[in-house]
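Accompanying notes for the structure given below.
Naming follows writing order (A, B and C), and every chain is counted from residue 1.
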Amino acid sequence: MTTLSGQQSAISSQLETIAELPPHETQLQEFWRILKKDRLAIFGMIVLGVLLALAIVAKVTTEWVVIFDPSTVRLPDKFLPPMSGASADLIPTEDRPVFGVYLFGTDELGRDVFARMLQGSFVSLSIGFIAVGISVSIGILLGGLSGYYGRIKLGFITVDTLIMRFTDVMLCFPTFFLILTVVALLPPSIYNIMIVIGVTSWMGTARFVRAEFLSLREQDFVVAAQALGLPEYRIIFRHMVPNAMAPVLVSATIGVASAILTESGLSFLGFGVQPPFATWGNILSDGKGFIFDAPWLFFIPGFAILIVVLAFNLFGEGLREALNPKLRRR
Amino acid sequence: MWLKRLLILIPLLLTAILLQSYFWVPTYETQAKGNPKRLLKYIEASSGDAKILNPILNADSASSSIVGMVFEGLLDLNENLALRGRLATDWTITEQAYLLVDPDAQLPNGKSATAARLERLIQHALDSGSLPELNGVLLHIRQIPSEVRTTTVEVRTPDENDQPKTTSVAVSINVPERVAFMLSRVDQDFFHRLTPIIGEQYGNNFQLDKYIHITDPVDEIVETLVKAQFPSLLSVTEHNPELLFHLRQRVKFHDGQEFNAEDVKFTYDSIMNPRNISPRTSDFEPIKYVEVLDSYTIRMVYKRLYSPAITAWTMGILPEHLLNETAMQAEMDERDLSEATRETFGMRDSQFNRSPIGVGPYRFVEWQGDQFIKLDRNDDYWDGPPEYEQYIVRIIPDLLIQEVEFRTGAIDFYSALPHQVARYREDDTYQNFSSLGFGYVYIGYNNRKPLFANPQVRQAMSMAINVDEIIQYIMYNEAERVTGPFPKVTEWYDESIQPVPYDPDGARALLESLGWKKNADGWLEKDGKIFEFNMVTNSGNPIRKNIMSIAQNAWKKIGIKCNTQYFEWAVFLKDFINTGDFDATVLGWSMGIDPDLFQIWHSSQAGPQQLNFVGYNSPEADDLIVRIRQEYDRDQQRVLTHQLHQVIHDDQPYTFLYAAKGTRILDKKIVIVNREPDGTEQYEKIYPLKSGAIRFYFNKWRKLEHTPAF
Amino acid sequence: MAQARAHSGLLTMWTYIARNILQRIVTLLIVSIVAHSVIHLAPGEPSQVDPSNPRMKPSDIENIRAAFHLDDPLHLQYAYWIRDLFTGELKSFKDNQPVLPKIWQRFLNSLPLLICATLIIWSLSFPTGIHAAIRRGSVYDRSTTFTAYALISIPGFFLSYIMILWVVDTFNVPVIGMKTFGMEDADLAFRSMDRLWHLVIPSLMSAIGGIAVLSRYVRSQMLEVVGQDYIRTARAKGLSEDTVIYRHALQNALLPFVTMFGFLLPALIGGSVIFEQIFAWPGLGRLGYEAILARDFPVILTINFIAAVLTLAGTLVSDLLYAVVDPRIRLQ
């Protein structure tokens, strides 16, 4: 999002190397104790909890049992400010919002902004989670392969070199520009956006999963497991992956935040998720044209994004601190 | 500790330096203070950058508005949208008509046709008054002896890889005797009027094969294809309209060279040069040849009747001396291009398109991509220099930002969105203009799909939509309802046709009479299928998006299920419009001044990549469309267009929605300056013409220091 | 003996650099191939081929496609592109103009923005970060932490609009574009200050995320260093707190920042699209964006290529810088 995105990734990869952890299986309590002390992280966690609950409620109430109707057009009621009631004489009863009140006002077609924000919360979050899910899966897969089977030779090149060179290749693309190009060229579907964001953001995960695996495979418990002749998939999935999860978790949390921001940036440029899906990003970028006529169309989604992304970031940072023994010791 | 101090001092210093610059920047009120020249500069915002500044090559609106300032055409449109001379002082339209002598044809008097006999008969009929319509029109008749012509025909066949391949085939044509007629005006019914003399059946059995021979050895497929083109090589009757222009003398290009007829001919040749890939070829392709009679007289002879061809001469004229073969060679040498590049080098590649030179009221100065284009006044302009010294177009992609910049006085003019206009209606710092343009917005139904094949279904679809509501709430009343395919500002539009009324109940009843019954889920159903279709449009246009939502909602109310999809423009065209693979779409047309609707409505234009993508097919409309484009008489054209308007309205291939008004906001300090003979200045408020244009008098515009009172 | 080792050290240094460069060239080649295939395989046509133009006939479209080699096999198209790129004759689909001068012009436009943003980021981040580290856990520290996170959590365009509207409403001065138009005849002082003013807000907006990230990083680096033994020793020697912090701690903490200079240039392209779009700044990002909209493949590919070159050069520079400033890093 900034001109310094290059720096940002440099910083996070630096931080991630700091975050290399020795194995710790039963330190959940200690982790919780430290996390609890971080009030900002707790704030983030609560916001996220509420948001998750809200998103599920939203899915139910806007699509399955329509209580909040995000799509009904009521032209006479356009641009009503938040908390105003529906004009009883102009709007047919079946079209009126719940309680007859527009909690967040109405947009340029008289649609209920609250209902749209609700619907958008689910869509925005699923974009974040699925994109990050894709990026984390690719990252773990490639990082793990490279870390565990890295020394195997494929002809003249080792698996590790192959994967790491490929990672370098991917890092050479300016991320936002790449996402923009691909999204612009592909048909505009919400799934394409998720996939593109996911496929362009796994490089960090791959790198530190690899580093983690490299250090883990020298650890006593892995060496012991290998000596016992345990099957490889068991060593990898039971012993190594869980131990490498901590930094993955941290970067995934922050990754969701940046995926939501990326989506809003794409929406601003006109390449975001297309209707009928409402996302906070496209409500915001649609609303900006009406900033003088209906400022709530701009400020409500803007602040919603701010709060949620902030919550993810704070929680992610809290996780990082709590999971990082080096920092903990200070 | 010095480092500590430094670390604090540097940011403070930086902030101070950056923020103090604020005091040097002019506000709206102070823009002319210390900078009086600001009043002589006109700054306008555009959301897109120009692409190519060349009148024969540009196709986008940003380029054409600049090109219109730098170049000038032979003609342009006056206050009443009629043609007036610019680089041409006056012009005449006459016709040469040719009639082939078909020796096999029998004339009504029982004799076979010869040129001499035909001439005598027609001359006699004219003299005896039995052809009253041709009195004064038919000026002269003469015979032309038979001749042999050779030409080449191009056909396209698939090659071994299934890629299209063009083959040229030589043919020789034995043209029989002809009779030539000189007409004082173009008359598309001329040969029809001769029927009493030449008979109804004349030329119907003309054996083309007897007169045309393929001289190259060809295979069967090619032969068939070439034969299919025979009718275009030799036809029994031929209309050759002729345009004679007298050009203005002592007009100079911006580089001092004088303009003459050679420039006009060169412009035509450049358009037709395939290397230049001009988007205007279709307007000039009907020209048979262009003949320079002297430096200031030029004649264009057309192959066939095509009335829009005249308006095409409003296009700017290129300077021959800067773009001819010698000049292009010089440019290639100067840029030191490789052989491979030289081979394909055409006018499109020339630097001329980045620094054009024309005869228009403004000279090109500078173009910074995505930033601005700057023009300076042409002090030698033949119609007197404009008031403004400089004309700047700034490229600002975001419409909200354009408004913000306008308010700070950094731009003088921008095209506002309808909802922005509402804010300026009461404001006395600014003047705003709303006037109808040449475009309209519609919902188009794919007439080929069984669902929409019946005009009554389309009628019902239109009845379900409350267009007035769309105009009121989406367009903020900055639009007018339209009922047909012609621009509302032109006389081609028939004001007497009433729009389809908003009547959802009527729509439901109409559909029910066609067998569509409501099912348990509330959707209309017929033969076990519910009434469901997809509507697509391009993304990035909020108004179309809103129309889609409203239409979807309106149809839902009468039980029609409409799914909406948005695609990026290029994808939208490629996958849906060009292939005709869609059910319904919301789109707009921007029309020209000509009443020619051939490309959009004629049934022959419904193929892939053609503009009649809804597949409208009506023999009645086809006939009218062809007659309109062949008619040179304005009054007659108007009668025909009104008929066509009615036909299309009755068929409802589109739900015609509205014609948007162009909404423009201008600084109120800008006025029309009228200079009296004694040198004093009179100020006049800017007013829009009947056609909606406000810039007709642009050359007289200027900004004053204070808001004038009228 | 010592000389010989130094000599071999120099040699390893050179082979190290050479191998690095070679590796990066291979990477670059792959990047360009990947980018080329992705773009050419995706749907959508260059806009010159845009059939929405009613006057264009199918044969015209065919001519254009042929002129741009659009119907040739992919590997040939790639070869043409590389050939034209290196002979400097690559031309844009959109307006047939040479691509490289176009990109160079935009680069020069983006440069002041980048420099100004970098100055803001680097000059503001250090004092805030150091201060936060020294007073770890104070109200100041916690509020800067919170602010930093808030700043990177705001959608950039949201903040920019708020900022623009606020400045325009309060101060009534133009803020969009590289300068105020119509001032060409004003004094040089006015003109240059006007240009500076137009830099302030866009560069501040694009710097905001950077300030947040960098100041956090300065803080954590400082904390890292302050906990080290030698700092404790320095304190024990009775040196003043300022000397300890600014001479001993800061100088050691600065080390990793050296590597960041390598990443400055590629940042020119990546994230600036949105800001350049809002501020109507005719920079590289916007050139790329317009090219994407127009399917102007040569421009997209070239920008991408240049970005990759800059990124690779950046990592090379930062690796080398790191090797130079930190003797502990061994050349492998």
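As a convention for this text, a residue touches a chain if its C-beta (ideal position, glycine included) is under 8 Å from a C-beta of that chain, and two chains touch if they have at least 3 such contacts.
For clarity, every value in this text was computed on a predicted model and none was experimentally measured.
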Mutual neighbours - chains that touch chain B and chain C alike: A
Chain pair showing more contacts of the two, A-B and A-C: A-C
Chain of greatest Cα-centre distance to chain C: B
Interchain centroid distance [CA atoms averaged], chain B/chain C, Å: 43
Approximate Å spacing (C-alpha centroids) for the pair chain A, chain B: 48
Centroid distance [mean C-alpha coordinates] between chain C and chain A, Å: 24
Two or more partner chains touched - positions in chain C: 43-44, 161, 165, 277, 295
Residues of chain A touching at least two other chains: 184, 187, 288, 291
Two or more partner chains touched - positions in chain B: 400, 568, 571, 575
In the complex, chain C residues that touch chain A: 23, 26-28, 30-31, 34-35, 38-39, 42-44, 113-114, 117-118, 121, 142, 145-146, 149-150, 152-158, 161, 165, 206-210, 213-214, 217, 220, 223, 227, 256, 259-260, 263-264, 266-275, 277, 285, 288-289, 292-293, 295, 300, 303-304, 307-308, 311-312, 314, 318
Residues of chain C defined as touching chain B within the complex: 43-45, 47, 50-58, 60-64, 67, 71, 87, 89, 91, 94-97, 102, 105-106, 109, 116, 119-120, 123-124, 126-127, 130, 161, 164-165, 168, 171-178, 180-187, 189-190, 193-194, 196-197, 199-200, 240, 242-243, 245-247, 250, 277-280, 282, 286-287, 290, 295
Chain B contact footprint on chain A (complex, rising order): 71-73, 75-76, 78, 108-110, 184, 187-188, 270-271, 274-276, 286, 288-293
Chain A-facing residues of chain B, complex: 399-400, 417, 419, 423, 469, 472-474, 539-540, 542, 545-546, 549-550, 553, 564-568, 571, 575
Chain A residues within the chain C interface of the complex: 1-8, 10-11, 14-15, 40, 165, 168-169, 171-178, 180-182, 184-187, 257, 261, 264-265, 268-269, 281, 284-285, 288, 291, 298, 302, 305-306, 309-310, 312-314, 317, 330
